[in-house]
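Letters A, B, C, D, E and F mark the chains in the order given here, with residues in each chain numbered from 1 onward.
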Amino acid sequence: MKIKVINPNTTESMTEKIGAAARGVAAQGTTIVATSPAMGPVSIEGHYDEAVSVLGLLEEIRTGEADGCDGYVIACFGDPGLLAAREIARGPVLGIAEAAMHAASMIAAGFTIVTTLERTRGIARQLVEAYGMARLCRNIRATDLAVLDLEREGSAARITIVEECRRALKEDHADAIVLGCAGMADLSAEIAREIGAPVVEGVTAAVKLVEALVGLGLQTSKIGELAFPLPKAYRGAVRGFAPGGA
Amino acid sequence: MKIKVINPNTTESMTEKIGAAARGVAAQGTTIVATSPAMGPVSIEGHYDEAVSVLGLLEEIRTGEADGCDGYVIACFGDPGLLAAREIARGPVLGIAEAAMHAASMIAAGFTIVTTLERTRGIARQLVEAYGMARLCRNIRATDLAVLDLEREGSAARITIVEECRRALKEDHADAIVLGCAGMADLSAEIAREIGAPVVEGVTAAVKLVEALVGLGLQTSKIGELAFPLPKAYRGAVRGFAPGGA
Amino acid sequence: MKIKVINPNTTESMTEKIGAAARGVAAQGTTIVATSPAMGPVSIEGHYDEAVSVLGLLEEIRTGEADGCDGYVIACFGDPGLLAAREIARGPVLGIAEAAMHAASMIAAGFTIVTTLERTRGIARQLVEAYGMARLCRNIRATDLAVLDLEREGSAARITIVEECRRALKEDHADAIVLGCAGMADLSAEIAREIGAPVVEGVTAAVKLVEALVGLGLQTSKIGELAFPLPKAYRGAVRGFAPGGA
Amino acid sequence: MKIKVINPNTTESMTEKIGAAARGVAAQGTTIVATSPAMGPVSIEGHYDEAVSVLGLLEEIRTGEADGCDGYVIACFGDPGLLAAREIARGPVLGIAEAAMHAASMIAAGFTIVTTLERTRGIARQLVEAYGMARLCRNIRATDLAVLDLEREGSAARITIVEECRRALKEDHADAIVLGCAGMADLSAEIAREIGAPVVEGVTAAVKLVEALVGLGLQTSKIGELAFPLPKAYRGAVRGFAPGGA
Amino acid sequence: MKIKVINPNTTESMTEKIGAAARGVAAQGTTIVATSPAMGPVSIEGHYDEAVSVLGLLEEIRTGEADGCDGYVIACFGDPGLLAAREIARGPVLGIAEAAMHAASMIAAGFTIVTTLERTRGIARQLVEAYGMARLCRNIRATDLAVLDLEREGSAARITIVEECRRALKEDHADAIVLGCAGMADLSAEIAREIGAPVVEGVTAAVKLVEALVGLGLQTSKIGELAFPLPKAYRGAVRGFAPGGA
Amino acid sequence: MKIKVINPNTTESMTEKIGAAARGVAAQGTTIVATSPAMGPVSIEGHYDEAVSVLGLLEEIRTGEADGCDGYVIACFGDPGLLAAREIARGPVLGIAEAAMHAASMIAAGFTIVTTLERTRGIARQLVEAYGMARLCRNIRATDLAVLDLEREGSAARITIVEECRRALKEDHADAIVLGCAGMADLSAEIAREIGAPVVEGVTAAVKLVEALVGLGLQTSKIGELAFPLPKAYRGAVRGFAPGGA
């Protein structure tokens, strides 16, 4: 089974960290292809960053289809381009926010999301709604961390996150934590030990859920909203993205 | 006041129709700039079409800011890129689905959306939820019309739509219709006459609502989720989209 | 275009302030008729005040229809009698809570309502639900101000309100403020300057939205729930209110 | 215990029927005072009828308080003026829609409301939402019956209603019926026998629920939203309604 | 009328307290049978305790049916086994959480639940959702009290509860309290006096609501989800529970 | 990894079918223990059957813990006893309704549940709500099949189910099917082929999701609502179920 894990930003160190996390949980027989698009923002911290990142992400899905990938992970907590990606993929496509929240819902009675910058809170809130998690999500806690702070050696990011997780357990009546950034992919085990509660991280969760879906023989439904795009012309710089070679 | 009305697809005849509709309702003193991006799909009928169209749309917002536009209309019923556009615009940005539903909520007790292809139903459903319109939206009715069917001379599109509107009033207990495609921008008055109920069309509604917001001195909030994007590098083909010249 | 702005309480100074605010944003060609019913409470601060105020309000709508008004604004933040008024009006009728929340939803990601007495909190909460704004309304903040405190020269009302608005931005993660009383109609511009965020005020918002709807040729739907009342007899002191002269 | 049952319309025959139904279920020791205001519509079939009826209704609550009533029933399925009435009453005040839906929720898994004219559907829908009954209400079925059709001897109203109830059980997966008009107060037992399912009627349900609340020593809370209205002046024809003699 | 009040735990002192509270509000002519199953936990403080308690509870309903009981109260705030009990009972069956919340909704604008251990918060939250009370429930406040703390003479339980109730009125904007444990059945009147707001207690509320439903001639619907269980074999230790003697 | 798959009814043929389905998808290295309690109903078709089945189910979890099981599947579409089971298990516990709906949400835009008897519709509806799936569940379709009809050789059950699935795709705008009974565990692949859309079956889905969670090192949270039951005495026939040996 080949699973492509796509970091929609273009920061290589993060892609490597994500790839390592993915491989760390992958089953024997699963090949992880961790990539980052050739084009896009160095980090994704808002709707605009997300919107521009989607083109590179879709390019990666398209090449993944050509390469015979069985499933995909979109490794950014805003799950950018998720439904568009599903339209052009045969196999399952999971966002890491989606995966983390679904996994948390199965082992906890209520979780808090601990994320990066305050300005991304709205994105998390919309995903909570979209995935039907409003009854389980106790709070969304923004730290003052930028995404790339998580990449800097010696930053105090981990300590900040642990403290926020502790506050979540105590003040929000949460009994699990969902980590709200792909850049935290290497932190979950350590934080779980420190706080004594389950910590769900999206990259790893998404890999295992894609494995599960592929193992069930389930692929993205192709008879309605998520059917392959209708063949038509695209104009200008995005001409090459036109579906069906039109 | 200068309002830029952006048709996110690249079909010129539709842009012209949209521009005419916009001008038809604009106040004295309002200048309508109706455009279509240089790049993008010829029609938007799904998540993938939408996602790829956003880049061209954002380009239009960026040039609009440089040109001193006071507000924007995204003239596609899926409201693609709405929140991303708001991040980079000072003035108000409205989607036509958003505008039509809000306007309908003020003059009717319940509306039905009459839209194009079945596969776009899910997009409309998500917008109904996102805009808090679930209590007012009685039904979403897909016709079998493709977007470009609305551009073909002599097509039976108008008749099909009128029939669906009549069914909506009778079977859904709706007392108003929301037209679910920018390509229907020229049809609302005629259909309203034929069915004897208010028909709300998004392009025209959005123009008047942007005028209203600008007239109130209201601009997009810049202190939180919709603040200007953080300056950072973008890589590759989208390099030019990087915020803040980084 | 003639828009009648009805202050449902009987305090003249407030009616004048409301009228001035309405005229301050009205388009050229819009005539604002600001009135207050002959009968009713001097201020509206609860369900009972509201319920009794509705009779005078409906009287104003009835005379407005006779006078050829094109639309109406109900200038009390509880939007009393809104649906009843819509039944007897041809043109659009907007409540100021409705107008302010809809306008805020178009330029902000989340707003807090700053209102007067604690006992009115429930009224605001019900409107937030009714208008589908639960996902956007971050908080409702009651000050200890009575409605008529806003009319007293030299009162500290403005300072109290500004402080509450500042707390809303900081503590509620709101990025805009909705002012929760028609008596604040003269304060929005000043407060917006002080707090550096959009402040949406309902009287002005409603005037511009009625202008927009009238400009679109939209009138209240007359085929269902909001159709003209059925002709029938009314008995006793309210006999004159009987629909259709029955 | 003295319970005042107020028919907010002015049709005496309906008041008598309502009074008889109320007395038919009242406990020993409960006195039923069935009245109708001196002023108001002969039937209530929309928001406007409702709004005008409230003044007479509140007058009846006020005299009820002076007469030492222990609780009140508002005997119109739109529950007009409910919260206003609660503000001026010490004891419990129940609407018949409220009472019927709450009672139905305790003995059935899902109910359908069978009501009168199509135009009242929206009122029922809003009450379903307001009372938290959306998960239980399977459907609202309007017959073509006007309220006063239920008063005419020899009308086919009962047959029409029974047929609609049968359809509700079969098509809506409802397992109980809520009758949607006070004018049906005499029909519930007979219909229940005919259709073989529980039929909940609001006048009788409200009388028993008021008895229950009074028996528990529960009165309307007076510390917040439902506290007695603030003393203040009312002007003009409604001067006499001013709270606190102001 | 014979009402069986079942304490699903096996602590006799609590059953006696519950029985006394029930008799204290029962109407003349109502016989209260207060019992506790022969098998089950000594207190119920979680899902597991609840699940195991249900067998004994159902046994009590079965014998109640044989004894001609007209209705039942499940006297544990988690309402364990409510729908199962309804399937095998002809008359109404009420849970005390259900009864208390419904009663509170009729005399207050918003209530806070004051309950025992933190770990039971989730059970209360699910009932709030299930009964459609999310709009009315301002907060759920867990004290650190175990259920059996309420049975110990000289415990400070009452003082702890009163303090939490006071905080609820002040901090939650609640105007009534719902007591969240059957072990508080003797406390409501006293607490209401101390805090000056309505305090709704479930055992007493449920007794009066069952009386009301029986007085209306309403029984549990037997045509759908709550119909008598299908006759079939049960195996092993629960063989005797098989429906229909199979 | 050892996963215990518990069929909460006592029909051996169904347990065998469930075990075979589970083994059919299990990963190499996963041991499936398929069991059925010694006590309980032969089929589960309502709340009462469910409630009585829980005791046997919990017994199986308890022995599973002693045997070192890593996770559990509750193989009945009502997910009976799920939260109670989670309290006493260290590893993950999944219900098959939960698993199927979550899996479906990842590969489809909207699913219909096809289940057995009409009387179980309400159970499915409550699970849809509880799992946050209301936006995705297009319909619940009951066939007239009893659970044990699925066990009879030569029954027309499969044909009936396929027909209902076809109607779901066409009439409900669903793009995937969720099978609503553990007795359908052997049918999903065949039905998927026949209808040309994904068919999600809960037993297999749950096995793969438990594998995924265990692979992530996630266990049921033990710090709040799902913590191990408090040690206490249980009385009578259920004495042996007492937590903590009390």
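Keep in mind that, in the parts below, a residue touches a chain if its C-beta (ideal position, glycine included) is under 8 Å from a C-beta of that chain, and two chains touch if they have at least 3 such contacts.
Just so it is clear, the model here is predicted, and its values are computed rather than measured.
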Any chain that touches chain F and chain E: A, D
Since chain B and chain C are copies that touch, is their contact same (over half of the numbers shared) or different (under half)? same
Please tell me the distance, in whole Å, between the geometric centres of chain C and chain E computed from their C-alpha atoms. 44
Chain C and chain D, separation of their C-alpha mean positions in angstrom: 29
Of all the residues in chain E, which ones touch at least 2 other chains? 83, 109-110, 118, 121-122, 129-130, 135, 173, 224-226
What pattern do the touching chains form: line, ring, star, complete or other? other
Chain-chain contacts as defined at top: A-B, A-C, A-E, A-F, B-C, B-D, B-F, C-D, C-E, D-E, D-F, E-F
Chain F residues within the chain B interface of the complex: 109-110, 135, 173
Within their complex, chain E touches chain A through residues 118, 121-122, 129
Using the touch definition up top, name the residues of chain B that touch chain C in the complex. 25, 27-28, 83, 92, 94, 98, 102-103, 105-110, 130-136, 169, 173-176, 189, 196-198, 200, 204-205, 208-209, 211-213, 215-221, 223-226
For the chain E and chain F complex, residues of the former touching the latter: 10, 37-43, 45-52, 54-56, 58, 81, 83-84, 86-88, 118-123, 126, 129-130, 146, 224-227, 229-230, 232-239, 241-243
